[in-house]
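One structure below.
Chain lettering (A, B, C, D and E) follows the sequence in which the chains are written, and residue indices restart at 1 in each chain.
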Amino acid sequence: MSEIEFLNWVRGPGFQIAVIIFIAGIIIRFAEILMLGRKANLAEPKGSEMSGGLHTIVSRSFPDKSTFQRSTFTVVAGYLFHIGLFVTIFLFAPHILMFKDIFGFGWPSLPTPVVDAMAVVTIIALLAVLAHRMSDTVLKFITTKEDYLVWMLTILPLVTGYMAFHRIGMTAPTLLALHILSVELLLVVFPFTKLMHGFTFALSRWYNGAISGYRGVQS
Amino acid sequence: MSSSSVVQFNIQVSADLTQNVKPLLHEIKHALDNLIETGQTTIIDLRSIPLAPGEEDHILKTLGLGEVQAKLDALGLSEIIETQYAGVWVVTHYNDENHIISRFIEITTMPEILSSQTEDIMAAYSRLAITLQDDQEKN
Amino acid sequence: MSASLEKGINALKEQVDSTVASFFSSCVHCGMCADACLFYTETGCPTATPIHKVEPLRRIWKSEYTLLGRVGKMFGLTAKVDDELLSKWETKVYDHCTLCGRCSMVCPMGIDIALLIQKTREGMAAAGYAPESLIGATKRAVTIGSPMGVKLPALMAQIKHVENDTGLTIPMDVVGAEYMLLLSSMEIMNFPEFIEAIAKIFTKADVSWTISSEAFEATNSGIQIGVADIAAELVQRIVDAAEKLKVKTVISPECGHAYMAIRWEGPNLIGKPFSFKVRHILEILDEFRQDGRLKINGKEEQRLTYHDPCQISRRGGVIEQPRNLIDMFSDNFVEMPDAGKMNWCCGAGGGVSTNERADKVRLKVFQRKKDQLDEIKPDAIISACSNCRIHLEDGLEEYNMDIPLMSLTETLAEHLE
Amino acid sequence: MTNDFKKKKSQKEQTFGDVMRSQGVSRRSFLKFCAATASMMAMSPAMIPKIAHALENARRPSVIWLSFQECTGCTESLTRAHTATIESLIFDHISLDYHHTLQAAAGHAAEEAREAAMEENYGKYLLVVDGSIPMGNPGYSTIAGISNYDMLMETAKGAAAIIAVGTCATYGGIPHANPNPTGAVSVNDLIKDKPIINVPGCPPIPVVITGVLTHFLTFGTIPELDHLGRPKVFYGQSIHDRCYRRPFYDKGLFAETFDDEGAKKGWCLYKLGCKGPTTYNACATTKWNNGTSWPIEAGHPCLGCSEPDFWDGGGFYKSLSMPTENITQTAIYTAAGAVAAGVAIGAMNKSKKNSAIAAHDKTTIDDLEK
Amino acid sequence: MSERIVVDPITRIEGHLRIEAQMDGNKIDKAYSSGTMVRGIETIMKGRDPRDAWAFAQRICGVCTLVHGLASIRSVENALDYKIPKNADLIRNLMSGAQYIHDHVMHFYHLHALDWVDVVSALSADPKATSELAQSLSNYPKSSPGYFADMKKKLKGFVESGQLGIFAKAYWGHPAYKLPPEANLMAVSHYLEALSWQRDVARLHTIFGGKNPHPNFVVGGVPCAIDLNSDSAINMKKLSQVQDIINQMKMFVDQVYVPDTLAIAGFYKDWTTRGEGLGNFLTFGDFPSNGMDDVSGFMIPPGAILNRDLSTIHDVDMNAADEIKEYISHSWYDYENGGKEAGLHPYDGETNLNYTGPKPPYDHLDVDQSYSWLKSPRWKGNAMEVGPLARVLMLYATGHDQTKELVNMTLNKLDVPVEALFSTLGRTAARTLETKIFADQMQGWYDDLIINIKAGETKTFNEVLWEPSSWPKSAKGVGFMEAPRGGLAHYIVIEDETIKNYQAVVPSTWNAGPRDGNGQPGAYEAALEDNHTLHDVKQPVEILRTIHSFDPCLACAVHLTDPDGEEIIKVKVK
């Protein structure tokens, strides 16, 4: 297979397969979760599930002072790579074109050098996260193979994307194809790993907030 | 013919698009320094550098026009121009139809193409000898 | 597979619902829950990481309720729940967790880890992996009516004592009373001052109240050990008594998990809404305050602080009320760091105090409370949970701290006109 | 009269230097020619003396040009070369002994010319091929009743080297595009035992064709090739890397349509589908038709024509970051299917849980004490 | 028994053409024209983005290089009712006009001239006499004795090298060559001049389309933006280059091409009485001044002429189901809808490959069965000739002043009657005359463009229908034009934003197509059957003259599609 054939494959059938697994996986995962159901709370409510749930969806993005002090690294590095991922995925002009092709609409992009710098920051943040994970007593203890796999699959599109943009090491079509392929791998594992938190975070935060909200506590 | 507009020095130049212009001028500076220090000459093929429309004109304009301008007629016209920076020459070759076929910036005391070539000198010698012999025979 | 293990696994399967599934789906192993757990912060032992403690439940969710896990299970790739796992996890789940729910508050994914532990205990208990002392307490609660073995005569004796001391009447089995007061065994046996204080306040506030001779015990060992069937049985006793006496409101005393059990879990355990209201004593007192039924005489000048019992504050939503009440008699109130819904557990809730095996660790993790107290150096501590009180006293003694400890209700009663 | 055209064996071995001298070309002119040649071959000016020496001694080889499934665009492109013009090429550099579009002879005579050139220059002639070869059926393309495959194999046998000109000959090109109705293949799909230089492009840049020819004629060697068999001097860098619009890409300034402000100011054409980033060719430096312009300068995105399978790259106006298939439709169908599957799987979960509840065995204190 | 002679390959054309002639003694009795190569571009185009179609269609032919691109663009615009800015029409006219001039000159000198010009004879020319001849014809500057002496020297050196290259094995010395040595030397010189000239004028395409061959187009306008203040758009510098090119075109056509044609024609007047062929002529019309919807603004009017009757111009309806149909009685195709005998309008056209010819290598085709990859298009059942002759006749018949003037001048100069137009030579002359008309017209389009730009109108592209989501669910359209070789029409059916069917009905199918079911021959065949006696059947230069007068361009003429219909024959590896 020539490199352009490879590129055509990852842009065509490969991408389709990845999207099919991604979408089907997510929907199935949600069905799996939601259809398990949850018993209605019979206790006399003191507050609102809805307002508690909605509040928590937002509020858990902002740790309280004491938590921030205790988990400074996790919070800062987490913020950095999440923002970095958001910027590099959603605010890079070529990516927006892809979304436009799929959704039918686009949005403004950030200047390429900003995205480029952000990619570097994100890669560094992810490396730091890994180093932290491998050195911190708790993290080392609770980390599973899946965590390393997911880390690898998350940083791979960034690294290949960075290499493709700066054309490091291989020919441009190969680099671009590898970049797209790495994204496809990410899409494929997404629904079946902890990456799913990208979607279920809202659900779990909502439940947490709803449980507390019902009792009149803001969580 | 458009290409007969040999070297146009008064063209309006817009923003420096590719950012190749400045490095090129710096390279010329280094080559000049090298020429002074070691006597080594440098030739830069302008066609090998990706330039935006208008940039070649910008370079030529920056280099300006110096004291020496020579024209060759060898399989089409050639123009050899010393720029306002002595030692920096712009050599432009045209084909029979007056199309530019190549353009070089040479950093040298004198471009090789201007010198008489040994083979040509030898051929000239024998031609001259024959002419003189013919004259002798005629007379 | 042994029958008990099978039963345990089945119990775990029953526990998985959409909340559990969404929680496990969201965990990214960030480890922030560890920093929120005093069992980790004070021991430095990573096995105390909250999310780690719910591994048995996670395995059941994964292998039974996820596509990938089910496929993996077919090929023997998905991790299994077995006796070895459960026995290993027994201490993690019972000794190293007070169900304080602080981890549930910091998880960036919003995972209610305390809830998951509660559910895990259901499986552990069903499979026979519960601490002996908790089993004993539960047995006493079911058979005798109180985990500490307090029977009606003991209560009546204490009441008699109080009535003699104060000249007040403590109404028993008054049909049609507005409030029915529950008491925890500890209050009956260790802090009869509490009964006295209530009698004093209620009399002054002029409310109709009563204690049921058939269901006076507020605590619920079923909740602590994690056996819903037993918890429901214990709740049912109170419901029956309250219905029999036709009271409007049942008052949960100064006991954290009792409030949780009767107020929030009760109706769900018995499967139907209550025909009466349930309030914590502090809620009632605060209502009195609002209604102007409490007149205060003189103020404490001591530097007071308030220890939030987890099940009342963070898990129960009674946070403002104690502070309103303290304000009535104190001008020198100081909050601990992280006070309110983020306050740290004393270290003995969730059945840990009952679990003799955990005595050492609960005193060790008291260090956290000590640090909090060291920072503000109060003259006295007020709390509103008899379980907290006992453990705080133990802790203060262990760490040679000479700080008096007071019950909010009792202190309030002292300051009544 | 044809007698005048009888070969004079003694003169056949003339070198290029001899030809130049016999035409009275001076050394200086020759050097100038070499300078232009170096420039055309994208070689460093430092190579000029070497080129001069090599050219001096270069012979005028026989070239056989075969056209198969093609559009003649490659030949047309060859005629547009301004350095080593087609005239100087066919009169001075090479002996173009067979070329459909240009040769005078037709029919049997044309075939005789090919056969004669093959016989007389066996092992030495250069074979140039444009067009793909249909393997679906020999009848899909014939010349003189001979299938393209047979003619290629027969002619390749005695060739010193083969130059595959154009994307059809190098990678199969447009006939090879999906669904490849004639089973078109490239030259190097069929020939494995000869050196092959691939000169792709649809068509290739005129001076790249002559540049490659000249390189072979000058040095008698195959230039350094990349992994796709392309001469690195011309195909060593991507269009994007040498594009004068690259700074706009880096700044994130893109033309959104063909005549908006961006288009007028020469902003990057990435959003309009430019394949420059994945295309290796010399357009950005050599430009087209004597440096007049090139597609991107003329406002059109690069089609990627020097790359294999560029026809199947998912649309010329779809940018490289866009999927080539209709993902929206895929997503909608998938979602619909997945909802059904999800409901089924969810129902399995639900029933599993219900059976667990049904299997609930009430726990009593006796159980606990066991 | 009569002899069957075969000319394959027909060289100096685009594509792969084979002619078989059934002889009656030395006279051609029946001629058979066969296209021998097929690629399947129409099949390949199915399912693709209609906006991409032009690039595929353009690769139908690299000689006509832009015409299929333009016809394709127009078909999409017609289907979508997509209006384009005035500037885009003017630039397209300029590009198309340049194509004519470039293509016709190259055809004359590089593809056709060697049928009339004996290169060997040029070696015996007197440069001085050649110079006098040249100067008597025009004031083209390169006509000094020294110039022709140089040319002769160059040619001599070439011949003496012993490697004749492209001139090897031709029919040099054939008695059919009638030019004096001086005319031959002049023509050979101009052969070389034209090579260099074409290189230069092709740059017009490069300026607007980025390259040549295969310049770029875009549905909805042209890709090049206009901005006089930008280095990176069409600016004054580029426009003045265009003006220079137009001047060069005009100069060469006026001073070299037209005089050479007339001079050479003067020696071959016998060729005004043969090679007529069908006598039916067809044009689709082109070069709009007011968009493709306004036929009255076309420079070349559409119409059909039957049986040489110039007084009656029949209307042509591109979309009428009963006018244009393609037949496959003698073509290697099969119609699912109607079989071998049916004729299909291009919207319903099919191209199912069905090779039934002899297995290569073969000597003769079976002309009673299918014998070509070309179909047989017919207009209202009539075989029609398209191309320069059809256009000149159409312009002549509709009273186009310059055409009348040029035609009359030519007839007078050659001293032949008007019937001489219907011949091999008439066809070649018509090509020269229309080149002159286009070379003059180029300036008009250029001036209009400049006026527009100076008035501040710089729009070159209409983005309104660019996004496929804005298109109707289904649409069909025809993009027609006059290509240098004749009327060209691309038919497109668009469904769900992709191409459902695509059919190109091209000039060489009209001209080079095989017989239809009624035995009615195509234009090549009919022309060859008209009064062709071969002097030497082994050197059939006469066939080349008539065939080349049509300027064959075969790649375009070849259809094909469904791979299902193909018969796979294993290739034997020797």
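As a convention for this text, a residue touches a chain if its C-beta (ideal position, glycine included) is under 8 Å from a C-beta of that chain, and two chains touch if they have at least 3 such contacts.
The model shown is predicted, which means the values in this text are computed figures rather than measured ones.
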| item | value |
| --- | --- |
| Shared chain contacts [subunit A and subunit E, defined touch] | D |
| Distance in touch steps, counted as few as possible, from subunit A out to subunit B | 2 |
| A-C compared against C-D, more contacting pairs | A-C |
| Most central chain, Cα average position | D |
| Mean-CA-position distance for subunit E and subunit C (Å) | 95 |
| Rounded Å distance, subunit A centre to subunit D centre (Cα mean) | 41 |
| Centroid spacing, where centroids are CA-atom means, of subunit D and subunit E in whole angstrom | 26 |
| Junction residues of subunit C, two or more chains touched | 16-17, 65, 67 |
| Residue numbers of subunit B (touch at least two other chains) | 17, 52-53, 99 |
| Residues of subunit E touching at least two other chains | 196, 200, 230-232, 241 |
| Touching pairs - complete list by chain label | A-C, A-D, B-D, B-E, C-D, D-E |
| Contact set on subunit D toward subunit C in their complex | 345, 349, 352-353, 356-357, 359-365, 367-370 |
| Subunit E-facing residues of subunit D, complex | 1-2, 4-9, 11-12, 14, 19, 22-23, 60, 62, 67-77, 79-82, 85-87, 90-91, 94-97, 99-113, 116-117, 134-147, 149-150, 153-154, 173-175, 177-182, 184, 202-203, 205, 245, 257-260, 263-266, 283, 288-290, 292-300, 303, 311, 315-318 |
| Contacting residues of subunit B [partner subunit D, same complex] | 3, 17-19, 43-45, 47-53, 55, 72, 74-75, 78, 91, 93, 95, 99-102, 104, 112-113, 116-120, 123 |
| Of all residues in subunit B, those that touch subunit E in their complex | 1-2, 11, 13-14, 17, 52-54, 96-97, 99 |
| Residues of subunit A that touch subunit D when the two form their complex | 2-5, 7-8, 11-13, 15-16, 19-20, 23-32, 34-37, 93-95, 97-98, 101-104, 109-113, 115, 167, 171-173, 176 |
